[in-house]
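Quick one: structure below, then a few questions.
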Amino acid sequence: MFDLEIDEETKIELYRTMVRIRTFENRARVLIRDGEIPARSGFYTGQEAVAAGVCAHLSPSDQIGSTHRALGHLIAKGCDLKRLMAELCGKSSGLNKGKAGPYHIFDPSVGALGANGIVGGSVPMVAGYALAHQLRDDGGVAVSFFGEGASNQGGVQETLNLAACWNLPLVFVCENSSPEVQRMLGHEIDYPQLSIERVSDRAQAYGIPGATHDGWDVLEVYNAVNDAVIRAKEGGGPTLLEFKVHQIEGNLEGRIEARDDEKIWCPIHRFKERITDEGILTTELDEKIRDEEKSKVGEAVEFALRGTVPELIEAFKGVFAGGP
Amino acid sequence: MFDLEIDEETKIELYRTMVRIRTFENRARVLIRDGEIPARSGFYTGQEAVAAGVCAHLSPSDQIGSTHRALGHLIAKGCDLKRLMAELCGKSSGLNKGKAGPYHIFDPSVGALGANGIVGGSVPMVAGYALAHQLRDDGGVAVSFFGEGASNQGGVQETLNLAACWNLPLVFVCENSSPEVQRMLGHEIDYPQLSIERVSDRAQAYGIPGATHDGWDVLEVYNAVNDAVIRAKEGGGPTLLEFKVHQIEGNLEGRIEARDDEKIWCPIHRFKERITDEGILTTELDEKIRDEEKSKVGEAVEFALRGTVPELIEAFKGVFAGGP
Amino acid sequence: MAERVITYSEALNEAHRLEMASNPDVVVFGENVSSGWRQVTKGLKEEFGRERVRDAPITETAFIGMGVGAAIMGLKPVVELMLVDFGLVAMDQILNQMAKSHYMSGGAVKVPMTLRAVYGAGTSSAATHSESLYSLFAHMPGIKVVIPSNPYDAKGLLIESIRGDDPVLFMEHRLLYPMEGVVPEEAYTVPFGMANLVREGYDVTVVATGLMVGKAVEAADELSPKCSVEVIDPRTIVPLDEETILRSLSKTGRLVIVDEDYERCGFSAEVAAIAAEKGFQHLDAPVVRVATPNVPIPYSPVLEKHLLPSKEKIVKAISQLVG
Amino acid sequence: MAERVITYSEALNEAHRLEMASNPDVVVFGENVSSGWRQVTKGLKEEFGRERVRDAPITETAFIGMGVGAAIMGLKPVVELMLVDFGLVAMDQILNQMAKSHYMSGGAVKVPMTLRAVYGAGTSSAATHSESLYSLFAHMPGIKVVIPSNPYDAKGLLIESIRGDDPVLFMEHRLLYPMEGVVPEEAYTVPFGMANLVREGYDVTVVATGLMVGKAVEAADELSPKCSVEVIDPRTIVPLDEETILRSLSKTGRLVIVDEDYERCGFSAEVAAIAAEKGFQHLDAPVVRVATPNVPIPYSPVLEKHLLPSKEKIVKAISQLVG
């Protein structure tokens, strides 16, 4: 891996995507508290660098498969914020008419296919997205997001083998919610989930490249994914990338920054410091970005709240595409 | 691994076990042809060294889990030949009253638990056998047999991780029916089953020891398993052993030797040459062993044929152990 | 002495503790079962140690299969499936290995394993976190399927499951966890295959399971005294107490089945079929199923509610039948 | 011109070839599908190339899930499950992802995938190689379940499956493969949800699927002319042509369901339930199910035969009902 020269614009975009995700999620927390979003779900706070760094390499004709912690992936992949928020609120104006909720959102228009309520459930499907690109020879790529818990699931391990055997244009992205951090925090773990420290050490068991990176450093993510995407698009087959992440707390006040003790793992905080040092981000620009994202998310909330609940007859519709 | 000093008696026992398996299977082939065994199933011919070399280390209070190609494992583990043959013939005198057939034989009296019709299906269960030993701290061990095809199954890969996480006294034995031989024979393989050459390369992906050996050399098997069993019994956790095997043709004439062109992979042929050279096996002893095994298998066939088919009411019995 | 009242989840916790204390072969594993947040298993690790209470990796196939193997070895594993929906990744271990090993082996091995699974809709958790699915398990021979509807049954049925010799799928509706009821402190069992006559009546028989039992009783209350509703809770759907259902039918001549599982090829179909086969001479009117229609559970609370069986739907079904 | 006669498996092979030739999006994968020994898929690789016809590793979860993904991308995957029993290792991909993605997504994606599965008992293959299991898939919303009973239907229903927009479980009884029948050479479709009135009759309605259709007809032959038996083959159990069944029932007043799947919570229960709900006014006698009892299929041929539905059992059931 060589270090990419990343231009200022891209850096600002990466920063903006992370801010957007966090802003959106913090607002969603408020809507949950207020009962406007009818159920809790997993949040992506602290992991924004992974979604941002990965999806920056993808176009709408590339696909991702996601998890129960999908909001970051979906936003980074370009889902319309309004319809996304409306979906969380269970409105008919939602991306999926209020039927999906946080766990099953699909947005084919941007290649977000899809969130998944079953740990590891989306991974085999992503092989199908990659297969379609391979058969059509269209230079597309598919990315499969999953957690370190999911990495053990049978279907995930089967898909690693299959993708390698068929040389599919697929990038496996494992977000390892950092057992090392858990240990640092003194959490007792009687029996580990994973028999190894690094999920990426499994790559060689499938004969594919693999590496582990800090998921709180968006540029490290961006660089690593660049190589893997190029390899996939050029017919070099799949790669297994692991990013260590630490799930941090969000908040209801809309604060972008993490708590002080969490800042070392907070990708937004870290990247802000870096690009501020580099002179790319000024206080004014930062405020502008935050304001813009806040207002976009605000519009999304308004849109969602304005939406109507689905008509009852919708419950019975759409079990089959081709009737009856 | 150090080379064990293996005494003559053990060598003769290993040879005898292999001869027994092949003799038994060849007779089973005849019974299939004659319609006395009502269904075809997988045979173990050519793989005898693995079952013999593995099970020589196990006592009846150690368990194995097996596959759709179970006869070799079951015989080496000590199943009664008569009741085994009767089971294949679907008789009520069979090990499982004629309900199991080749794919589902269980014989807890010798720790054979059990054949399995689902590729990879027995592997998670073997973790349970190992868990029982661990909880009881009784120094027992469990062995899981599976093929290289099965090695990809989700449940198998999940169990590798679980056994490693819980440090279970378990030896994974993968019999790789030798793609390299397939290639030597010129078979075209569009898409490989396995994304790597050696299944044992997956061991490190679970943080456990692993190695690949020739499965046609019974002493090599015996040595490798010795280490793994000791490690498991001493609390050192699981090992993944891979043995390359070549499935060769059996015959209806009861010949022990393989066809000339198969002899290089025939464990019986190879071991016979070796222990003959070593002066352990004389022509007379060899004939004695073959005669003895032939007559034991002959008795098994008689027993099986003499048996009665189950009473019809048996069909409904035993769905539950505790009624109704 | 005042009778003690505890919740459904406390009753389940107590059943674990009593059986673990009296039988060292009882072991518990599943995802996060050692966590203090998990109502049913909390405190077990502290009381019985890390050897017997273990968190498993998120690999249902491996750890359910491990339960099957441990049971064959004579342990009494109580394995937790966080939600029954997640069992779909492990159906071979459940429907083949757990269910059939005893029969296939001609009785040579037994599988005394309890697979606990949380189930049920009503929390806007959408299609993969809201199902009942017990009919899938009941369809396959070899698994006893238990669905307690109240704290007393929960404790007694769980102890019966653990002590028994057979594999059991033990279904716990998540909305029942806070339900309170009188539960004796000592260990006791509730036998399988014996329905609970929850409420006597003469005009119509309602068979309901799990959370639906309460809804059926509410409906009966609402209709009383105009209409006299008999409510039967089978408690175990495998084995099923057909006799009690048929006896009731011979009295009422009318049958409504309330089932949170999907309708097609579901438990409600099975009870309707039994009525049509064995209770035909008693039937005075068409059988009615109030079940979840054949539609994945949607996220939207209004849509979800629209699909699920409810007191209102039961009242309506009974009224049309009797009225 | 003489009508062409081919076998059931040849009809299926032809359906593949026609659809693959006319639509480049049709792709085929599964275990050993490129082998010359596999009757249904043989020759496809040679004709359409190694890109479109692929042998997959023995990992049903991975390759069925891959089919779901490929279908979402607009391909038309025809995925083979060597035996339906093996599908149990992949039920999440089938019952959640394949079945529900269309609904859950609010229609944003479609899953036009055909999952072919061989099924059925009668070959002494024992408990994990002999099942029918279609009721498991029918229980879950979102999958169309197709069971052709003859070569003509096999070809027409497979083409309909491939051309359609929905996930289909396509069940092929292995003992039907050698069955011969007249099959047109060109492509044609048999629509879903339209039962086949296999034989007209007046005394009793027999609903049978797959291999059981032939057994029902044999039974009808044996009973004729003493008793006039109407035989209905639903062809697709999801969607189910209830109308044809109820219309027949209104004529005969008697219903026998012949189903190779397990009885409890099975397809036979569903049809009985429909009769008890919607056909009650027509029913003159109890409904009778002739299904596989709730017992794993044993290896012993005599035990296996004892459990399976047969001509004799159908004759007996009808005779008792009508006689």
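For clarity, chains are labelled A, B, C and D in written order, and residue numbers in each chain start from 1.
Keep this in mind: a contact is a pair of C-beta atoms (placed from the backbone, for glycine too) under 8 Å apart; a residue touches a chain by one contact, two chains touch by 3 or more.
Keep in mind that this is a model prediction, so the values were computed, not measured.
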A-D, A-C or B-C - pair sharing over half of the B-D contact pairs: A-C
Reference subunit B; chain at largest CA-centroid distance: A
Distance from the mean Cα position of subunit D to that of subunit C, given in whole angstrom: 31
Chain centre separation (subunit B, subunit C; CA means) in Å: 40
Where subunit A and subunit C are represented by their mean Cα positions, the distance between them in whole Å: 37
Residue list for subunit A, restricted to those that touch at least two other chains: 97-100, 104, 116-118, 121, 152-155, 158, 161-162, 165-166, 191, 193-194, 319
Multi-chain contact sites of subunit D, meaning residues that touch two or more partners: 54, 56-57, 59, 61-62, 85, 88-89, 92, 96, 100, 103-104, 126-128, 141-142, 293-296, 298
Contact set on subunit B toward subunit A in their complex: 152-155, 157-158, 160-162, 164-166, 191-196, 201-202, 204-208
Residue ranges of subunit C touching subunit D (in the complex, touch as defined): 61, 85, 88-89, 91-92, 95-96, 99-100, 103-104, 126-128, 135-136, 138-142, 238, 261-262, 264-270, 272-273, 275-278, 280-281, 283, 285-289, 293-296, 298
Interface residues, subunit D side, partner subunit A - complex: 27, 51-52, 54, 56-57, 59, 61-75, 77, 89-90, 92-93, 96-97, 100-112, 141-142, 144, 164-166, 193, 239
Complex contact set, residues of subunit B against subunit D: 38-39, 90-91, 97-104, 116-121, 149-150, 152-155, 190-194, 309-310, 312, 314-316, 319
Of all residues in subunit C, those that touch subunit A in their complex: 34, 45, 50, 54-59, 61-62, 85-86, 88-89, 123-129, 293-296, 298-304, 306-307
